[in-house]
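See the structures that follow.
Paired with chain B in one complex and with chain C in the other, chain A is shared by the two complexes that follow.
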Partner chain A sequence: MTSSNFVSVSIQNLVKTYGNFQALRGVSLDIRAGEFVSILGPSGSGKTTMLQIIGGFARPTSGRVFFGNNDVTLLPPQKRDIGVVFQSYALFPHLSVAENIAFPLRARNISGAECKALVEKALDTVELGGYGERAISKLSGGQRQRVALARAIVFQPRLILMDEPLSALDKNLRETMQMELRNLHARLGATIVYVTHDQREALTMSDRVAVMSNGRIVQIDEPRTLYSSPVDHFVASFVGESTLVPVKRLGARQVALGDVVLNTASDVAQAQDIFIAIQSETLLPCSAAETEADSNYIQGTVRDLVFQGESLKASLELAGGTEIGFRIPSHRYNHLTLPQPGETVRLKLHVEDTIVVPANREVG
Partner chain B sequence: MTSWIRSLLWIVTALILAFMILPIVIVVIMSFSDSRFLTFPPPGFSLRWYEAYFGNRDWMDATWTSIMLAAITTVVTVPIGTAAAYAANVSQSKFIRRLQLLLLTPVMVPVIILAAGIYMVYAQIGLVATKTGLVFAYAMMNVPYVFIAVLAGLRSFDMNQEDVARSLGVNRFTAFMKVTLPQIRPSVITGALFAFIGALDETVVSLFIAGGENQTLPRRMFMSLRNEIDPTIASISSVLVTASFALVILAGLRGRKTNAG
Partner chain C sequence: MSDIFIEKAIARAERAEQRNYLLLFLPALLLVLLFLGVPLGLLALQSFSEGDKFTLVHYMRIFDEAIYWRTYAETLKISALVTFLSIVMGFPIAYAAATTSRGLSSLILALVMLPFWTSVLVRTYAWLVVLQRRGIVNATLLDLGVIEQPLSLSHNFTAVLIGMLHVMIPFMVFPLYAAISKIPSELLQAGHSLGGGSFYVFRRVLLPLSLPGIFAGSVLVFILCLGFYLTPELLGGGKTIMVSSLVQRNVELYLQFGAASAVAMVLLMIVFFIFWAVDRVLPVEKVVGMR
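Then we have the complex of A and B:
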């Protein structure tokens, strides 16, 4: 893919209503050319509606969509030049691999040697060289995924849209494909909009992640920022593996969790209800005597300890009866000093990892 | 215990199948009779009633009229039924879903009422005993069968494929023709077969509105049954049954080939 057609995408004030139900309540989003943006949200958050509108499969009730400087809001899908990859892959089972990939080329009246060369090149790009004559039914899940991808990029689209394309694959393959998609994105310089409910997938691949809830984008940020500075209760609970516990504001950078005073690295919101979002991997067991300036300390009783392979998941009951979860990597060093259920342990939490968020923003 | 139930199931199944097949078998046997009357079992065997059928101009005319009308009906019905099924499958509107019911009324209304109604309307507008009138009537009566068969096929079809096809650069109609239709073809063929056989077979409405030079085979058979009971009817029935079976089996074989390919 020598020359690239990839464009920026601008979404302005999209509203979509179905009867009384508001699927989108005014969504705006600007995506740079060549940027990989994930739209992350639970089902019913509006992310699929958003993809449908960007793809041209549905029309917004109001609002506009621009590809580059072109207003494409009312353009049908066939005039948008977008490569779409669905969760089900939606390969055409009555056509061979090569015929599937040639489909968008035929639609553009490219045939013969040129078509063949482009198909070969696309197959090579997704590392499926030599698979052209295979029947779709003879391919594995991962191979189907690659064919769908090849078909979506072969005609040099302006944008690639993906709707949970990896969710049908098993875990290992999914992680391999995530890395491959990342590489492919870098190689093609493609503008990619990726819809998913898997926060880890979104964090792994994206330049930026837009978190959706109730038909709105709640936060859009780079993965690290999203993780370290969630804007509210919803984002904090959806990203990472965290326990949210109500806290009281004591000062600009100080809150109280029950009797325990915790310091934060950034200013605490002046909101009515605030919560501490404790990511399970940020807590570290420590000795009773330790006191570092950068650390907050929490003490509690271990309730459960479950072995989950690469780590152990534990729950800790605090003085007030609140339970929080934490993880211990399951290597030998830890196994020797593993806390037992019923034991009292002291955990430290870095000030930078002490994240306090306000309750969800008012949804009107 | 289980084996006892199993053998009972076998017997029940055999009885049901026998009940369905026996009338056909009896008709076929009677068609080879050498008697002047429809009797079972026949006193002797001959091909004279097949000669009586194939050698008679009136019978042959009626046969060709019926085949031609059935063919035209199929050509008219399949696109209409398929389009209706497509709409019912993709539409999210409640109104469209209610319209489905309207489409199925020809199956639910008693045929005799339908026939009387058609006759009254046709008598007013001069469509009685015309090919156009017959095709319209048959098409109306058989759209539900195409509709149901195609809808069943579409229900198990992944509509995302059409969305993808459109995003890849073709319009909706081309997407349907190139992606959807090849995959639901077995359902469409089944629907077409129902429509063809249904039209070929139609008797009640034809009794009211066929006639003159547009005499259909079932109508003529019915008339002849009224006048004289002779085994020609049995031989014609046997031919029709054989032809229908052949069509269904052919379609079945084709369906299997597409699935394997």
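Then we have the complex of A and C:
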């Protein structure tokens, strides 16, 4: 799999309507060859429709899809050379592992020794060497996942398309597979379009993440940028674990959260409704006397403290009655000075982490 | 002490539960025994008796006379042909019903079921009207100039085939529909995305996964075909005789109940043999429980 067939993908102005329902309202997206792009969105945002159209399983109402310089809008799936990994894996239950992986090769009239060698190689790539003769029903979830992956890469596709392939796995396995997919992507140099509703998955693996809502791409950026500079309150609420609180604009880089004045690192949007997006892990308890130039300070009463394993989730009631959430890492140093429910605490928030976003009018 | 007590109580409760299952099973068991087992036993007895004496004469006659063998062969041939054709013709219907929208799917299945509300007798006579020398089919083809002489479509093998197929297709469509609707559509999408053309995906994915339905439908259609009487009698014009006609003639024309029983018993044995043979080649449990 050294000689790569992977191409760039260009999606231009896709619209898809089902009766009165607009699943896609003019989506454009350019993906470089070898890039890993995640399409992130809640259910009903249009991400599955996108995948169906890229895969050729559905036709757009209007718009075009290009693979490299080829217009593939009207090509049926069997002529697109895409390796698709389905949410349910879609492995053929009546075929063995090796027969499943050989399926795309036999469809391309590759058989005999060449076919066998390619299947072996694909099995090795996903670390399932020696599993060829197994029945699909005898495999674990993680192994099925790998077989689906091997089947999708064995015929040197132009693009790999993945539809929430990890959602059926348990948490630990999912995180292992995320790292493996990342490595595999780097090794193959594959163009990968990965559809998911799991922000962590998207942030972990992608070169860029496209956040979708209501049939549109709201923002497409690298994971760090997406996290630190969400374009609106929808993205801010969907990425990370944040509390959105309405604030008033005081100046170019200053907002008021109730009585508290907060400074920001970048200019605040001139919109009517603006929110501060407080990511729960950015708040740090501090002493009452502390005053640093690049920190904002918030004071409130601890209402709730829940142990969740690696961290504790607390909620803080501010003077106006607003509640915000914050997290405390669960180690002994913190446990010694843990704020108790009912206590008043002072928290600091770095100005760079003070994210103010305008409202997304479509989401409300 | 109390441990032993609770163990006994649990065992008692489980026995009671099993007893209840048996009780629920009993009515069906009695029904089958009384109305299938007993008559079949009597039939078997009758086939071995002449007057009050035990005899093999009825079976000897079947083995000796060619007309019997030819009729069995003809019956098996028609049944196999109807089964095969009903798979070929039923599959697209079942596939359409299983993959289209709910509304259209119900419509298709309702249309398939519609003939059930008409008696076989009426349907068979209707085919006679359609297929006869001056029937709709011949008249239309003659008018269009497609043919110059009327086709002989009635009172022969073709007519029997058409009539039986019409009756049998629903029995094939429903098991096929059940099997095809169980195949996740993602499997077919996967087949296509991996480069499979329509025929390739049909041959390597759809057909193998439909096998349980094909098998169930074939068993149903084949067995029902073996016992067909009315349709071949009316549409066959006396040229296509099936085993059931032999039974009827022995009873009504010659009052030979023993001979009729023997003819029926041999047919039953042939069916058992076929299923035993099929099961050897293609284990039912494996086909049906494939997934």
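The rule is simple: the second predicted complex is superposed on the first by the 360 of 364 C-alpha atoms of A that agree within 3 Å, B and C clash if a C-alpha of one lies under 4 Å from a C-alpha of the other, contacts with A are read in each partner's own complex, and residues count from 1 in each chain.
Going forward, a residue touches a chain if its C-beta (ideal position, glycine included) is under 8 Å from a C-beta of that chain, and two chains touch if they have at least 3 such contacts.
These numbers come from a predicted model, not from an experiment.
Student: After the match on chain A, would you call chain B and chain C a fit or a clash?
Tutor: Taken together on chain A, chain C would clash with chain B, as the superposition shows.
Student: Is A:107 in contact with chain B, with chain C, with both, or with neither (first, second, both, neither)?
Tutor: Once the two structures are laid over each other on A, A:107 reaches both partners.
Student: One more residue to check, A:16. First (chain B), second (chain C), both or neither?
Tutor: It touches nothing on chain B or chain C.
Student: With both complexes superposed on chain A, which partner does A:88 reach: first (chain B), second (chain C), both or neither?
Tutor: A:88 contacts both chain B and chain C.
Student: I'd like to know which partner A:216 touches here: chain B for first, chain C for second, both or neither.
Tutor: Touch partners of A:216: none, neither chain B nor chain C.
Student: Tell me the contact category for A:151 with respect to chain B and chain C: first, second, both or neither.
Tutor: So A:151 meets both chain B and chain C here.
Student: Under the stated touch criterion, which partner chain does A:174 make contact with: chain B (first), chain C (second), both, or neither?
Tutor: It touches nothing on chain B or chain C.
Student: I'd like to know which partner A:208 touches here: chain B for first, chain C for second, both or neither.
Tutor: Touch status of A:208: no partner.
Student: Name the residues of chain A shared by its contacts with chain B and its contacts with chain C.
Tutor: The overlap between the chain B and chain C interfaces on chain A comprises residues 55-57, 76-78, 80-84, 86, 88, 90-94, 103-104, 107-108, 151, 155, 161.
Student: For a test of understanding, state which residues of chain A touch chain B in their complex under the given definition.
Tutor: Residue list for chain A touching chain B: 18, 55-57, 76-78, 80-84, 86, 88, 90-94, 103-104, 107-108, 151, 155, 161.
Student: Going by the contact rule at the top, pick out the chain A residues touching chain C in the complex.
Tutor: Those residues of chain A that touch chain C are 55-57, 76-78, 80-84, 86-88, 90-95, 103-104, 106-108, 137, 151-152, 155, 161.
Student: Could you list, by residue number, the parts of chain B that touch chain A in their complex?
Tutor: Touching chain A: residues 92, 158, 160-161, 163-172, 174, 178-179, 182-183, 258, 261 of chain B.
Student: Going by the contact rule set out above, which residues of chain C touch chain A in the complex?
Tutor: Residues 184, 186-187, 189-197, 200, 204-205, 208-209, 290-291 of chain C touch chain A in their complex.
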